[in-house]
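In order of appearance the chains are A, B, C and D, and numbering begins at 1 in each one.
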Amino acid sequence: MIDKVMSAQQAVKKYIHNSNTVFIGGFGHAIPFAIAHEIVRQKKHSLHFVKTGADILFDLLVAGGCASRLSCGWYGNPGIGMSNIINRAVDSGKLVLNESTNFSMILRLHAGKLGVPFIPSPILANGDLANSVDGIKTMKCPFTEVQYQAHSALNPDVAIIHAQRSDMDGNVQLWGSVGDTIEGCEASQKIICSVEEICEKEEILLSPHLTKLPAHKVAAVIKQPFGAYPSYLHDYYQRDESYYAEHTVNTKDNLKSDEWLRSSVFDHDDFDSYLKSLPDKLLAKLAWSNS
Amino acid sequence: MNPNTESNYKNNGLEKTLITEEIISQARAAFMAAREIRDHQTLFVGIGLPCLVAHFSQSILSPSCHLVFESGLMEVSCETQPLSTASANIAKTAKMHGSMLDVFSMLQRGEIDVGLLSAAQIDIHGHLNSSRLTTKSGKTLSLPGSGGAHDITVLANKVIAVMPSDPRRFVNNVEFITSPNNPYGNREGVAGVAMPDAYFSFDTGRPILQKIYSDSDADALNESLNWDSQISDNLEIVNPPEGNLIEKAGIFLKNS
Amino acid sequence: MIDKVMSAQQAVKKYIHNSNTVFIGGFGHAIPFAIAHEIVRQKKHSLHFVKTGADILFDLLVAGGCASRLSCGWYGNPGIGMSNIINRAVDSGKLVLNESTNFSMILRLHAGKLGVPFIPSPILANGDLANSVDGIKTMKCPFTEVQYQAHSALNPDVAIIHAQRSDMDGNVQLWGSVGDTIEGCEASQKIICSVEEICEKEEILLSPHLTKLPAHKVAAVIKQPFGAYPSYLHDYYQRDESYYAEHTVNTKDNLKSDEWLRSSVFDHDDFDSYLKSLPDKLLAKLAWSNS
Amino acid sequence: MNPNTESNYKNNGLEKTLITEEIISQARAAFMAAREIRDHQTLFVGIGLPCLVAHFSQSILSPSCHLVFESGLMEVSCETQPLSTASANIAKTAKMHGSMLDVFSMLQRGEIDVGLLSAAQIDIHGHLNSSRLTTKSGKTLSLPGSGGAHDITVLANKVIAVMPSDPRRFVNNVEFITSPNNPYGNREGVAGVAMPDAYFSFDTGRPILQKIYSDSDADALNESLNWDSQISDNLEIVNPPEGNLIEKAGIFLKNS
């Protein structure tokens, strides 16, 4: 029996290496903030993050100096605006931004999941993105001779995700909005997963339809309640809307970004310490039952 | 052009929603777009104004339409504005929690009747820009990017754009073509754009002012925008959304 | 509101047309026997069935004269042996059998689901099936020049499936082993679904993670308890093992096949009548709670 | 060659399982194959003999192996023989109910360490036939076909075949190559075949008798089969499965 249960500190140290390509799980929901905090805290660098859109988690990783490259379909603060941090990092040459579209990112991860070299699609044949996007090539359908774009497979080294629960073997159960989480995880070589609860095998056997990740790929299981804060987790807690509302102001220049990073990551030994630093009763107020 | 001032919609005491100019303006644009939806259609809904279009469609004009969001949420009841396509308020009203692959595949299969989109800019070719803008001072502003907009524009059977009335958004050529009006196969592409005063169609490949609210002036509107558009010979005059609809919009937008 | 709730008789009459390509849902589990009975009863013909493997349901449709063509990866009686009915139909020239592999069938249906013309894969490059299988063509990866087989998309006219439950709008909930059901249904133009129970929308909203089919594609919802008999339905009833054990003998020649077809299909106006003709208490014994 | 007769395993009263020659024979073949499995490996399990191999691996030799079935069932506890890859007995012990696409994708990604297969015939090239056989009278017998066998053979990192001891099954050239021993990329292909007396490897591209039960005779065995095989210079002598294991096999196979 391999022991997969460990702390975020151990998991990041053991499985995330500089220069890795990293897939980020969650989409608006279940975003793996706790693991990302630890990546920043350990000052991992030169990472290539791939994802449709990872909400303000991108900001954390870029501000922390962990990302040298970002391949994505969207970056910013959902419903609020653009990312000051990413724009500054690109302007200063610290970050290479490969802009794509959400579906192309999904197709590339899905090709990775299927274990095929590419998937053909009519998207990105025209427009200004077509000329700049990574990983696509024009080809002809061997049956019809019609032209398509081949979207090449992405197989990240590691996926980081947060989910509701798992057993000790890494049978991970995730529900609610899943976005591109499953595609990205299956395409990756291994998966690091934080969960609200580690449960017994018997509980998994009662709900095998909720198990979304094959245990043999899950390298680490981290017990981390509120591990997706400030995003939400279906049936567990709500999104901290005021955190997002203030984020754009909190990161409007380097000075403010550094202060944000210090107070949320570097002042703390772990994510629990960060959670304790949050305003009184905030987490209790965010309980799903209050929604 | 818009006589609906805040005072017209002062709260009636029961509803605590403050009706602002912004709400009125969004309700007018969304209502104009929602009138283009037919019942039983399947709609792929972008974030922002498209959600209010979906709300109007579902709750008033086309009650049996199917709402799909790019996060993978399907058969959604869109009752309050979501901030993202995966927000809890729509996840809780969704009858199916699918994946992004599932819904983009629906698009690619040609099962999405209408894609509802907003953008930073639209041009006379129907191309959309969600990538970058140049400010008056010449600085390039990087916007959050395509997300699913490019894919929806190419793959939906038909796209309806919904835009605020800012003239900088209606241009002859967008600075960056994020979402080209080059639809796949025999799909229709960008069929038209709704804004707070009017609806322009692209039936001829160029914008034609097709419908206008009765309280707006066609010539003045066409004049005010930065693009070469024509006024249809069969310009349709539409009654603007009234008190009840504006209230509905106010309630819908309250949480955003 | 379109009324989708109807009888199997109405659904088959309205949505299954001679010469259609038909996908069959279920895989070892949840096999749509009730709908298949009705297809046989209405003497539909010239149908092309596509499927990885459909258990002894193939036999029913072929014996009934409904199938002119079968594209599949496997045919027979699982764990027991080969199909007498299909072998006779092929020998007599009444049936064209396109043998493939399960994964090629899945890839072709999946390409149909994705809305792409094909998916590349290394399978079926060698061996004797490679020379005879339908729908594949050799091609080169535009990125690596490595040779793959393009597996062309299949988009059946209609899918027939059985599931646990649905609401009146066609939000279909299916759980347990799903096999290739979802791929095949999404690839199809429309779906005809029989269910054990028609439930309220509120019940669906409590378990949106169990909803597997998009309502807008579901054309007909048929309330048919035991609609997957003699196969099993997870959480509802067990497989009738003795039915399968006797099937090969029951179909060993034309005379016996005709008798089997008459007593199970043609002697009955509908599937409920057939169920009533089964031995006393058989269905009660098959209750899932007894397993 | 096989001294384990039915009488050796007469029921002890507690277990009601009747131990037949057939059970002994299956247990011997399965045990020989299970010895090739390493702990923590992920196995793609075919129906028939491969299930008993999986059962022996999981319950005795490699307790942390992961079992995957083509129906999409994953992390299965294989405690009684399933008749199909989707049978309720394994669906109820599966910790994940995935889809066929999910598990064949695992294969194609190269995450299946060992594919466990049976077939109607195997030849000296390691090719497998599950499609047709010619009877002695010259009639062609159509078998149920590949199912996932072709795909597993091409895509698993390594394949172990498990066969009954019928000499008609071991041939120089199969009549029809359903599952060619032409693995994708740098995968290993058909590594060997286990049968009730022995294990042949294909390390050199041709069958070599590598392991044999202590109660079987290598020369006699090689003589009895219809194919050109060699006996390894390092032939390994293996103790055959004993009472407890045979009992286990009997219980496992009881429901089939």
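For the reader, a short list of remarks on this structure follows.
The rule is short, and it goes like this: a contact is a pair of C-beta atoms (placed from the backbone, for glycine too) under 8 Å apart; a residue touches a chain by one contact, two chains touch by 3 or more.
Remember, it's a predicted structure, so these values are computed and weren't measured experimentally.
Between A-B and B-C, more C-beta contact pairs join the chains of A-B.
The distance from the centre of chain C to the centre of chain D, each centre being the mean of the chain's C-alpha atoms, comes to 29 Å.
In terms of their C-alpha centroids, the spacing between chain B and chain C amounts to 41 Å.
Rounded to whole angstrom units, the spacing between the C-alpha centres of chain B and chain D is 60. Within chain A, contacts with two or more other chains are made by residues 110, 114, 116, 121, 175-176, 209.
In chain D, the residues that reach two or more other chains under the touch definition are 91-92, 94, 97-98, 101, 107-108, 155.
By the contact rule set out at the top, the touching chain pairs are A-B, A-C, A-D, B-C, C-D. Put simply, chain D touches chain C in their complex at residues 47-48, 70-73, 82-88, 91-92, 94, 97-101, 104, 107-108, 127, 131, 141-151, 154-155, 176-180, 182, 184-185, 256. Across the interface of their complex, chain D is touched by residues 27-29, 52-53, 55, 72-76, 78-83, 86-87, 90, 99-104, 106, 110, 121-130, 175-183, 232, 234, 238-239, 241, 244, 291 of chain C. Those residues of chain D that touch chain A in the shared complex are 40, 42, 63-64, 66, 68, 74-75, 91-98, 101-102, 105-111, 155.
Contact residues on chain C toward chain B in their complex (touch as defined above): 1-2, 112-116, 155, 167, 169, 171, 186, 201, 204-205, 208-209, 211-217.
Across the interface of their complex, chain A is touched by residues 114, 116-121, 137-139, 141-144, 146, 148, 150, 152, 175-176, 209-210 of chain C.
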